[in-house]
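The same chain A turns up in both complexes below, where it pairs with chain B and then with chain C.
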Partner chain A sequence: MTAQSTDIATYNFAYLDEQTKRMIRRAILKGIAIPGYQVPFASREMPMPYGWGTGGVQVTASIIGPDDVLKVIDQGADDTTNAVSIRAFFKKVTNVAVTTDTASATIIQTRHRIPEHPLTADQVLVYQVPIPEPLRFLEPRETETRKMHALEEYGLMHVKLYEDIAKHGRIATTYAYPVKVEGRYVMDPSPTPKFDNPKMHRSPALQLFGAGREKRIYAVPPFTEVVSLDFEDHPFEVQTFDQPCALCAAENVYLDEVILDDHGGHMFVCSDTDHCEKRRNAPTSPLWGGRAEGAGGGLDQSTPHSTPTPAPRADPPHKGEGKEIR
Partner chain B sequence: MTDEPLLRVSALSKFYGSRVGCDNVSFDLWPGEVLAVVGESGSGKTTLLNCLSTRLLPSSGTASYRMRDGQFRELYRMSEAERRFLMRTDWGFVHQNPADGLRMTVSAGANVGERLMAVGDRHYGRIRATAVDWLSRVEIDEDRIDDEPRAFSGGMRQRLQIARNLVTGPRLVFMDEPTGGLDVSVQARLLDLLRGLVTDLGLAAIVVTHDLAVARLLSQRMMVMKDGRVVESGLTDRVLDDPRAPYTQLLVSSILQV
Partner chain C sequence: MDIAAQSIEGGFADPVFNAQTVFRAVMDAMARPGSVQPLPPFARPPVPLSAAAGAIALALCDNDTPLWLDPALQASTAVRSWLGFHTGAPLANTPADAHFALIAAPAEMMALDGFSQGTQDYPDRSTTLILHVSDLVSGTPLLLEGPGIETSATIAPAQMPRHFVEQWKQNNKRFPRGVDIILVTADGIACLPRTTRIKTMEA
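Our next item is the complex of A and B:
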C-alpha cells in the first residue's frame, strides 16, 4: 500500500476543482444534519456515464484526503469492472492507497452492498444511487414527492408493500427496500438487497449517498435509527439462504448465484469477495485450510491497472437498475 | 346533531385575471345535507367546488369548516399540511373522471386501503378486511379486490372511487359530476347507491352537476349558477317545480321529456 510517486499535476487532487468539492461538502453536511433528506446539488459531468456511479464518485472525491485508504466494491465484489475502474480512477487522480480489505479502508465506495465485515466509526460508506426517490415509482411528479416528504405523507409507501402482499402473499420487495430514518424521512437505501438493511441501523460508520444523474445527496449519520417499513402482521424479514457459500462455507451472508455452464450448472457464493477470500485464506478455514487455487482467485494488488479477471456474474453493469417500473 | 352548520361560505370569489370564475358566493351547509350546484358548463360550478375543497385558493372571501372538535377553522388560513390531512380524513372528493381520483396501477384493495395507511394503519389483515367490506358496500365483487381499476368498467371505477373516499368515514364529500359519462342504467344504480350511502352515513355533500335529474334525486337544496354568480337557491323541489329566476326557468324547461 505504498503511495506511488506519480505526477498528477494535470488533475486537481481528486479530479474535482476545490469550489465544486466545497459545494458538495455543503450538501453532504446538510444531508448529515437532516438524516434521510435528499439534498439537491449541482452534479458535475464525470468521466464516466450516468448509471456507473457518478454520484458516489463525486461524494468520494469531495471527502477523500491524501491519508485515506479507499476500497471500492460493486455488488460486494472488488474485482468487477465498475469497482476496478473507479479504484483505478482514484488511484490516478489522488494517489491514495487503495485496498480490498474492508477493515483497513477508511472510505468504502459501494454499489449495492454493505460489506459483511462490521464497519467502524472511522469508516465512511459511500453509496452509488441510481434513483434516490423511494416514492418515484408510485408518484412520478417531483413537486408532489417533495411535498409528501415535507408533510411526512408516507401512506403511499405502504401501498406498495400492500400490493406486494396482495400479489405474492408476502412483501416481495427484495432490494431498494424503503426505510424510515430517525423516525422522519423515508429513504431509498439504494438498490442494496434488503439483507443489508439491518446493517444500516445504528451503524457506527457514516453513510453517504450520491445520485449523480438525479443530482441528490443524502446521508445517514453514525448511530442513526434506520427502520425498514413493514406491516404489523407482515413484519420485515431479510433473505435467507438454504445453503452456505460454495467457496468458503459461510452462513448468514448474502450469496450470489453464479452460472457455471450452459447446462444449468450453478452455485451460490458470497457476494462479498473480500469476506469470502479472507475466510478461504484463513488457516482455520474448514473447507480449504489454506490459499485457494483456481476458484475466484485473489486480486493482485500490485498491479491495479491490469485488466481484471471478469467475475462470473449474470448481471451486467446497470443503467438505472432493474427496479420495477409500474 | 348540533344546530350549527358544517361549512360556512361567505362572499367567495375567484377571478382568473379579468375573467370571473365565481363571484360572491355565500351559503351554509349543514351536517347530513346534500347541496347540488347546477348550471351550464362554464358557469363556475367546478371553480366553486375546487375553491371549497381547497384545491384552488379563492381571490377573496372566506370559508370556515367545523372540525370534529366543534371548532370552526378558516380553510384558507390552515397550513397546507392541515388541509391535506383534512382532505384525506374528514373529506372526500369524487372526480368526474375516476382516473383522476384513483391510482390506476395499483389494485382495488390498495386504492381503498391507501387512506387508511395514510392515517397510520399498519395492519395488513385489518386494511384488507376493511377494503373487502367497502367493496361489497359499493357492489364490487370481493374477488375483484386484487384487480387494477384499469380492468374495471366505468361504473365500477366510479363506485371504487366512492369507496376509496368514504373509507375513513368523512363528514363532507365533494362530487364533481359523479354520474357524468355513465350510461343511464349505470347512472341510476350509482345514484341509488349514493343516496343510500349518504343517508346511512349522514354525509354532507356538495354535488356539482349539470344534470337536473341528479340534483333532484340526490339533493335537498340546490344553487343555480350562471356566469359565476348564484342566480337562485332554495329547496330542490321548490326550485325545480317553481323556478323563479328566468335562467332557472329556461334550464328547467330545457329538460328533455322522454
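Our next item is the complex of A and C:
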C-alpha cells in the first residue's frame, strides 16, 4: 500500500461504493417527490460515530461531484470540530474545493443552522439530522408514528404545543420546532433554532435532510411552503435579541453566548462565523470579493471596529428573551 | 453487430462521474419540475432505448430495482440484454412490481394507475416512469404549479399518454401515493413529480 503517493485517498470517489450511492440517490429523488416524508434508506457505517453527522455525510457523498464547492458548518461555525473534520473528510475522499464563504459554496452541509446569507437556486443545503421523526418524543412506536403520518393525524403535536402554553404561557419550543410542509407532512427541521424556520419557507435552494442512525432521508424542494405550527392566538415567533453581535454589531441574526471567564463574563456573538467575519472585514476585505448584496452591511467604515471587552451584565440576555409571559 | 457485443458496449465510459452527472441532472429536474436539464449522451444503448433513458437507467438502477419495459422495449432482445448486463436489474413481472418503468412509446402506454402507487404508509414504494418524448416544446402546453416552481412553469412534451392531464389530476389526488415521471429527449430531461399540478390552460 503506497497511499501516501497520491493526494486522494484510495477509496472510491466520495468514499461510498456506487451501489450505496444509487440507493441513497433513489431515496433522495423520492424525498423530493414527497416533500417532508421520511424515506427509509439503508444507512451505512461511516468512518465517524453516529451522531456526528453520518446522515448528512452520506447525502453529501451521494450528490457531490468534482465541480462542487463544499462548505460545512456546525452551529453556524466553520471552525469547530465537527465542521473541520467533515470538511477534511471530503477533502480527502473527493478532492473537491472547500470554502467557508456561504455565497460561493454549491453544497452546504449543516449541523443545526441555516446561514444568514440568503441561499440561491444553485445551492443545496444538506442537514445533519439526529431524530428525524417529529412525533418520536410524543409516541415512541414507529408503527404508530407511521400510521399518524399516513392518516395526517397530527393532533398530538398540537396538544404538545398547547401544553407548552398551559405551562409557560407561550410556546416554549425553541429548536427543532415542527413545521408542516406543503400542507401535508409535519416535519422536524432538525435541531435548528426556530429563528431559522422562516428561512426554509419558499427557499430557492434545495434542502436535503439525512439521519444516519435513524436511517431516514427527507427533502424540501425549492419554493415549497414550510409553515411552523402555531395557534391563532399564539402565533409563531422567532427569538429576538436585545443587543447586537458583540463582534460585528449585526442585528436580526442568531447569537451564541460565549463564556469568557469564571466570573460570569460572557458575550453574545453571531452564530454564523462566516457572516460575522465578512461584516468585520467588510467592505475592503478580499474575502468579500466586492460583493455587496446580503452583506449585512451597516458597519461604519470610518470607525475601525475593535472587539469590545465585555463586562458582566446584571441582566444577561437569553435565548427567547424579549417575550412577554402573558 | 451481434447481440452479445451490443449488450456489452455503450455503457458509461467513466461510471463514477457519469453516474454522478446524470443523477444531479435528474435531482435538479425533480426539484424544479418543468425545468429542462441538459444531459450529455453518456450511454449508447441499442435502439429503441434512447441514450438519455439508458443513462438514467445506468445511474439509478441495479439488482435492487425491478424494471418494467413497455412492449416496444420488451420486444428488443438487445435492449433487455444491454440493461441486464449493465445494471443487473431484474425485469418486473407486472408494472405494479416495478421500481422504474422505461417507456419508449408513451402515446400507447397503459394507464398511470396500473403502476405501483406506493402505500399510504410507504408512499416511496412507487414506480418512477421514464418516458421517451421526442421534444418538450411541440406538444400540448402544460402549465405547471407546485413545490419546486416559483410561480409557474410551462413545458409542452410531444407524444404524451392519452388523457394525460386527466390521468395526472387523478395522480395528484392520490397524494402522497402516486407515480413520478421523468421525461427524456435526445438532449435533456424534465420531471413531473407527483406534487406538480397541471393547470388547465384557457382555450
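Here is the rule we use: the second predicted complex is superposed on the first by the 274 of 326 C-alpha atoms of A that agree within 3 Å, B and C clash if a C-alpha of one lies under 4 Å from a C-alpha of the other, contacts with A are read in each partner's own complex, and residues count from 1 in each chain.
Rule of thumb we're sticking to: a contact is a pair of C-beta atoms (placed from the backbone, for glycine too) under 8 Å apart; a residue touches a chain by one contact, two chains touch by 3 or more.
Treat the numbers as computed from the prediction; the structure is a model and nothing was measured.
Novice: In this superposition, which partner touches a larger number of chain A residues, chain B or chain C?
Specialist: Of chain B and chain C, the partner in contact with more residues of chain A is C.
Novice: I'd like to know which partner A:Val159 touches here: chain B for first, chain C for second, both or neither.
Specialist: First partner only, chain B.
Novice: Between chain B (first) and chain C (second), which does A:Val227 come into contact with in this model arrangement: first, second, both, or neither?
Specialist: Neither partner.
Novice: Look at A:Arg184 in the shared chain and tell me whether it touches chain B only, chain C only, both, or neither; answer first, second, both or neither.
Specialist: second
Novice: Of the two partner chains, chain B (first) and chain C (second), which one does A:Gln19 touch, if any: first, second, both, or neither?
Specialist: second
Novice: If you lay the two complexes on top of each other, which residues of chain A touch chain B in one and chain C in the other?
Specialist: Looking at chain A, the two contact sets intersect at 147, 151.
Novice: Quick one: which bits of chain C touch chain A in the complex? Just the residue numbers, please.
Specialist: These residues of chain C touch chain A: 15-17, 19-21, 23-24, 26-28, 30-32, 59-62, 64-65, 99, 119-124, 126, 128, 147-150, 175-176, 180, 193-195.
Novice: Touching chain C in the complex: which residues of chain A?
Specialist: For chain A paired with chain C, touching residues are 12-13, 18-19, 21-23, 25-35, 37, 39-40, 62-66, 121, 146-147, 149-151, 182, 184-185, 204, 206, 219-225.
Novice: In the complex, go through chain A and note every residue touching chain B.
Specialist: That would be residues 138, 147, 151, 153-156, 158-160, 162-163, 165-167, 230-234, 326 of chain A.
Novice: For chain B, which residues are in contact with chain A within the complex?
Specialist: Residue list for chain B touching chain A: 80-81, 84, 88, 103, 105-107, 109-110, 113-115, 117-119, 122-125, 127-128, 145-146.
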